[in-house]
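Next come two complexes built around subunit A: one with subunit B, the other with subunit C.
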Partner chain A sequence: MLKALQLEPEKCTGCLQCEMACSYENEGVFNPSKSRIKVFTFHEEGRFAPYTCSQCAEAWCMHACPVEAIVINADTGSKDVLEDVCVGCKVCTIACPFGTVNYNADSGKVIKCDLCGGEPACAEACPTAAITYVDADHTGLERMRAHAAQTIPRDQ
Partner chain B sequence: MKHVIVGAGPAGVVAAESLRRLQAGASVTIVGDEPEPPYSRMALPYMLINQVGESGTYLRKGATHFSDLAIDVRQDRVVGLDRKQQQLTLADGGSMTYDRLLIATGSQPTSPPIPGIDLPGIYSCWTLEDGRNIAARAKPGAKVLLMGAGFIGCIILEALAKSGADLTVVEMEDRMVPRMMNDTAGGLIKSWCEKQGVAVHTSTKVTGIEQVGDGFTVTLSTGDSVAADLIVSATGVRPNIDLLDGTGVETDHGILVNRNMQTNDPNIFAAGDVAQGRDFSTGEYTVQAIQPTATEHGQLAARNMAGLAGAVHRGSVNMNVLDTIGLISSSFGLWMGADGGDSGELLNRDRYRYLNLQFNDDILVGATSLGLTEHVGVLRGLIQTKTRLGAWKDRLIEDPTRIMEAYLGSTQAIGFNAAVL
Partner chain C sequence: MAWTRNVLRVNLTQGSCSTEPLNMEWAEKYLGQRGLASKYLAEEIDPACDALSPDNKLIMATGPLTGTMAATGGRYSVITKSPLTGAIACSNSGGFIGNEIKNAGFDMIIFEGKSPKPVYLLLENEVATLCPADEVWGKSVWETDEILHTKYQDPLLRIAGVGRAAEQGCLYASVVNDLHRAAGRSGVGTVMASKNLKAVAVRGTKGVGNIRDPKAFFKATNEGKRALAENAMTGEGLGALGTQALMNVINEVGAMPTRNMREVQFEGASKISGEAMLEPRESDGKANLTTNAACFGCTIACGRISTIDPQHYTIVNRPEYMGNSGGLEYEAAWALGSDTGVDDLDALTYANFLCNEDGYDPISFGATVAAAMEMFELGAITTKDTGGLELKFGSAEALTKSAELVSTGEGFGKDLGLGSKRLCEKYGHPELSMTVKGQEFPAYDPRGVQGMGLAYATSNRGACHLRGYTVSSELLGVPVKTDPLSTEGKPDLVKAFQDATAAVDSSGLCVFTTFGWTLEDIAPQVDAACEGNWTAESMVEAGERIWNLERKFNLDAGLTAADDTLPERLLKDAAKTGPAKGKVNELGKMLPQYYEVRGWTPEGVPTDATLERLSV
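Right, the complex of A and B next:
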């Protein structure tokens, strides 16, 4: 059974431990700006919302890549950036309609969530279960994918 | 069913792979006229600076990728098209019949009519062979003159500057990347380049090139002259439509296609830089000549060639991202604004940070950014989904950096919506 990250904004306290864990797991440093998952702040609503790549079926990033540097991980279904193949052209960063592929100027490559190969550090670090790694059927992933499909735009 | 694809760039390759997925038993052939395996022109600048080798530019990395998919990739040049016989004539003398034909021949660089423009040692940066020639000559300290500071010029500029060359850029329009950036952003890119030691002449034309020893003397419309060891020309490209001359397949700037990527001949389709396809923002048919559009075209054309119903092109969002010696810029859709629309803008000249959002009603229709590398794709998402921003529009006008919050707040279960969504 394919698993996916379930993100529940109503449970998020904005503690940013997910960002620290992600940055440490993937970059070896505690630097939230290197995190693949981000917590967004909604002052008006008094809410926080963690957000990262939904590993969408459309895989806009993967199809936009001119050098086949983004591939599907057969074990987890995640779309992974092959760092040694990525040339840093950034086309995927403008192609992803969710804004979840970012350019890392230090490495000259792009970064995105790869589910940590099946053990996502953000979910492990989250103290309030606002981020959990569960069966894909239970995550509202379909809802997110339905939104992704809308990016094939409505008729004018 | 016999599918023939002319052109081995991204549009052609994506179409071939899609056709194979859709029609396991069909015959799929790609005819490309360059000697290398299908490669990405976009990756050439990275080869110039040795960040990748030649194989790093290949569109597909597996040595047997195409044969595994039973896609026949042939090196040859199509020189004739007979629509009645549904047959192509090849440069090697052979011929090839088709049931469905896809023209994905891309574009080629054009040169302005300048005395001396045909001298040996003046290169476009278009083919892998051009890349090899430029890489061999753009040595540290070499005087390089780049003609054209459009999108392609600026991509090459990055590579030339990194190679340590002494670089001069000449652009005839009044700013850099004029078809992608407004005055503010184009001006900031120019001042950024000058700060990095690149000489930039805008509103300037090259009026003549003379060979002097191993190098050149280049005369400018300002009356100045510049010495150069190497000249790289990036003054524009035009679609490769000559193949269709006299065939009755309708062309304008590029090949005219309908929303099924089909030409006026129902068996002939076009995709990528050669196709004049639908623009998402304007509904008009234009040649966008960008990578994401080429792959969208390729997928759509394949679905229509395979006879799938409902594969209708809603239009591609025109968008670009550029790295000019470390200053990253992007633009999307109607970045120049919509009639009667509103905008929000944030500018910090000292830090080269700029974000300009263009709205029509409460829908984002265009954007320009400088120095933004985080979540930039959401601009495309907001534009293409035509998300109604409601209260978020005013918040964005006040602080354009809140694009992700605006997207999440408008589409996801945040705050008071959480219970109902």
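Right, the complex of A and C next:
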């Protein structure tokens, strides 16, 4: 069964544990600036929102890549960057409508979420379950459940 | 090694920045942050110097766990000599800038001298630049934050700075970072402004690494996170209600200082409590609290994000304060509310916004207004002095107007910016200043919590709850329950809390973890990250070493045992209501014994044997 990251911004407190987990998993250091998942703070509204690649089925980045450095991971469905093939042209960063594939100046390659090969470190680290790794066909299940609860007739 | 092992030294007089290696010999004895920076300060300045002269230095310091995945590992502290107390100052803050300094590659930044013209420091990884601050001098912290973010087109820039209050010489000005987090106490912001240093803007992308034993580190930090999640206070209470969970609790036990500490219970407590912040209001159906928020790396998330009622007079007069910002913590709610007798939650939230916007300590501010109100009641301060302001206990308008005046240093705001001690002296009533060593009390009345009286009297930065929070034991039963109305065993208890806290404050972690952790939980995290053999015992020893170093600094600065005391009101006027009714604080019973357990002379001076044992 394919799984996907489910992001529930209303649960996020903005602690950035996910960014540290992501960067440690991928770079070996705690470095939010190199995280593939980002938490955004909307101070005036009092809101936080984690955001990362949603692994589009027809991924713009993959189609845009001139050297076929972005490929589908058959196990997880993630679109992975092949580091040794990537030439750092950044066309994928332009093609992605969501901004979730980015250039890493230190390596000269692009970086994006690869679901950590099926064990996403961000979901593991999130203390409030704002990021979970669930059945890809049912990322809306919890929200459906919450709204479904409202359809139950109240005490009459 | 967790430390970056680099120190950035900024000579403001010369306008130069240089990098030097961290003194690792000291790091292994003083750990980081509060301890290590205090060691640097004590070695580098004359403790007797004028705090607002170029001879004083100001250090922004992180701990070895700052910037790591350890829960709450995002703290930094500002260490300097305080203009409010004349003692050593160390003010701790969360938010995000501590991690950013670490990611830029530095454990600490030492500012020395005084810039001939206003400047701010721009730090982008190892590149440090002092920039002219003409466009931000005279602006609030919030305006400065916006101007610099716009100028550099970088939303990820983290900024700490001082507001107009500090520029105007308010003696309890803070250094505010990330808009609503503050190194709040003892006037560290006043020192920063006195150096013509407006702000520090940091962007770090280097990463924090070199964890000594990553496997052990993740094991220890994960176990720690689990313990915090399972603890009632850190796993639930603080997230839901913030520190404001304490408002009703402390009021009930009769330890809620009220109206300049004349009383120990506030009839309006429930109206300004954490619970009240969750109540939907009539005007827009929203609660004061929008959400809780975390500092960097924090799994507790006690931060409050609040709005003011859109129909409240403060918003009607100044609609620009609509929208969310940092809401009331317990200390702010107490000082702005109970101590001034004001039970208007929105007025308190507004005053708190102003404290953040222009950088001043809501505890000292509220307590100073309270002292002014008592003198107004006595006729020692009149509307002639206040510019027409009726400074009456319970008046929300008096509180919010006072905040507006302190923000800009205008009119009576200049007097209020002196702090309670100097204000009371100026108007002829020094006995009405509720301070220790010139610093205003926090929110626990020592008549109802005996150990806190000793903790306040002996705190190295003046009256403060964060130097030895025996409330934890005396009222909350953490880690063990002791009787709040008894002095029995309190000298040992106070020493234990003071030493442990000094160690936690030097690690990069938040002291709130100690609701759920002891040093037995913290030491394995430090040990896995850092060189040196860190155990609970060695951390206590480091804490005791830090405490004695601070004490020595203060003695060298000219303080004496005579300064280890409380205002007469707390020693002679008994509590009028509640469980502590009839009690005063019995400091005299505890202090000699405290000196003894500390290994100090009866005059409060660390003996040579003690200093040698701790190799201070």
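Please note the rule applied: the second predicted complex is superposed on the first by the 139 of 156 C-alpha atoms of A that agree within 3 Å, B and C clash if a C-alpha of one lies under 4 Å from a C-alpha of the other, contacts with A are read in each partner's own complex, and residues count from 1 in each chain.
Everything that follows uses one rule, which is that a residue touches a chain if its C-beta (ideal position, glycine included) is under 8 Å from a C-beta of that chain, and two chains touch if they have at least 3 such contacts.
Bear in mind that the values here come from a model prediction, so they are computed numbers and not experimental data.
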**OP:** State whether subunit B and subunit C clash or fit side by side on subunit A once the two structures are superposed.
**Re:** fit
**OP:** Considering only touches as defined above, state whether A:Cys15 meets subunit B (first), subunit C (second), both or neither.
**Re:** second
Subject >> Partner chain in contact with A:Ala125 - subunit B first, subunit C second, else both or neither >> reply: second
**OP:** For A:Val29, decide between first (touching subunit B), second (touching subunit C), both and neither.
**Re:** second
**OP:** Would you check which partner chain A:Val134 touches, where first means subunit B only, second means subunit C only, and both and neither mean what they say?
**Re:** neither
Subject >> Which of subunit B and subunit C A:Glu45 touches, first, second, both or neither >> reply: both
Subject >> Which partner, subunit B or subunit C, touches more subunit A residues >> reply: B
Subject >> Overlay on shared chain A, then closest C-alpha pair between subunit B and subunit C (Å) >> reply: 6
Original post:
In the superposed view, which residues of subunit A touch subunit B and also subunit C?
Top reply: 44-47
**OP:** Would you tell me which residues of subunit C are touching subunit A in their complex?
**Re:** 67-69, 71, 96, 99, 103, 156, 179, 204-209, 225, 229, 239, 290-299, 301, 303, 305-307, 323-325
Original post:
Which residues, counting only subunit A, touch subunit C once they are in their complex?
Top reply: 13-17, 20-21, 23-24, 27-34, 43-48, 125, 127-128
Original post:
Residues of subunit A touching subunit B in their complex?
Top reply: 9-10, 38, 40-42, 44-47, 49, 51, 60, 63-64, 66-68, 85, 87-105, 108, 143, 147, 150-156
Subject >> subunit B - residues contacting subunit A, complex >> reply: 10, 14, 40, 42-43, 46, 51-52, 56-61, 280, 283, 291-292, 295, 299, 314-315, 319-321, 323, 326, 328, 330, 332, 373-381, 384-386, 403-405, 407-409, 411-416, 418, 421
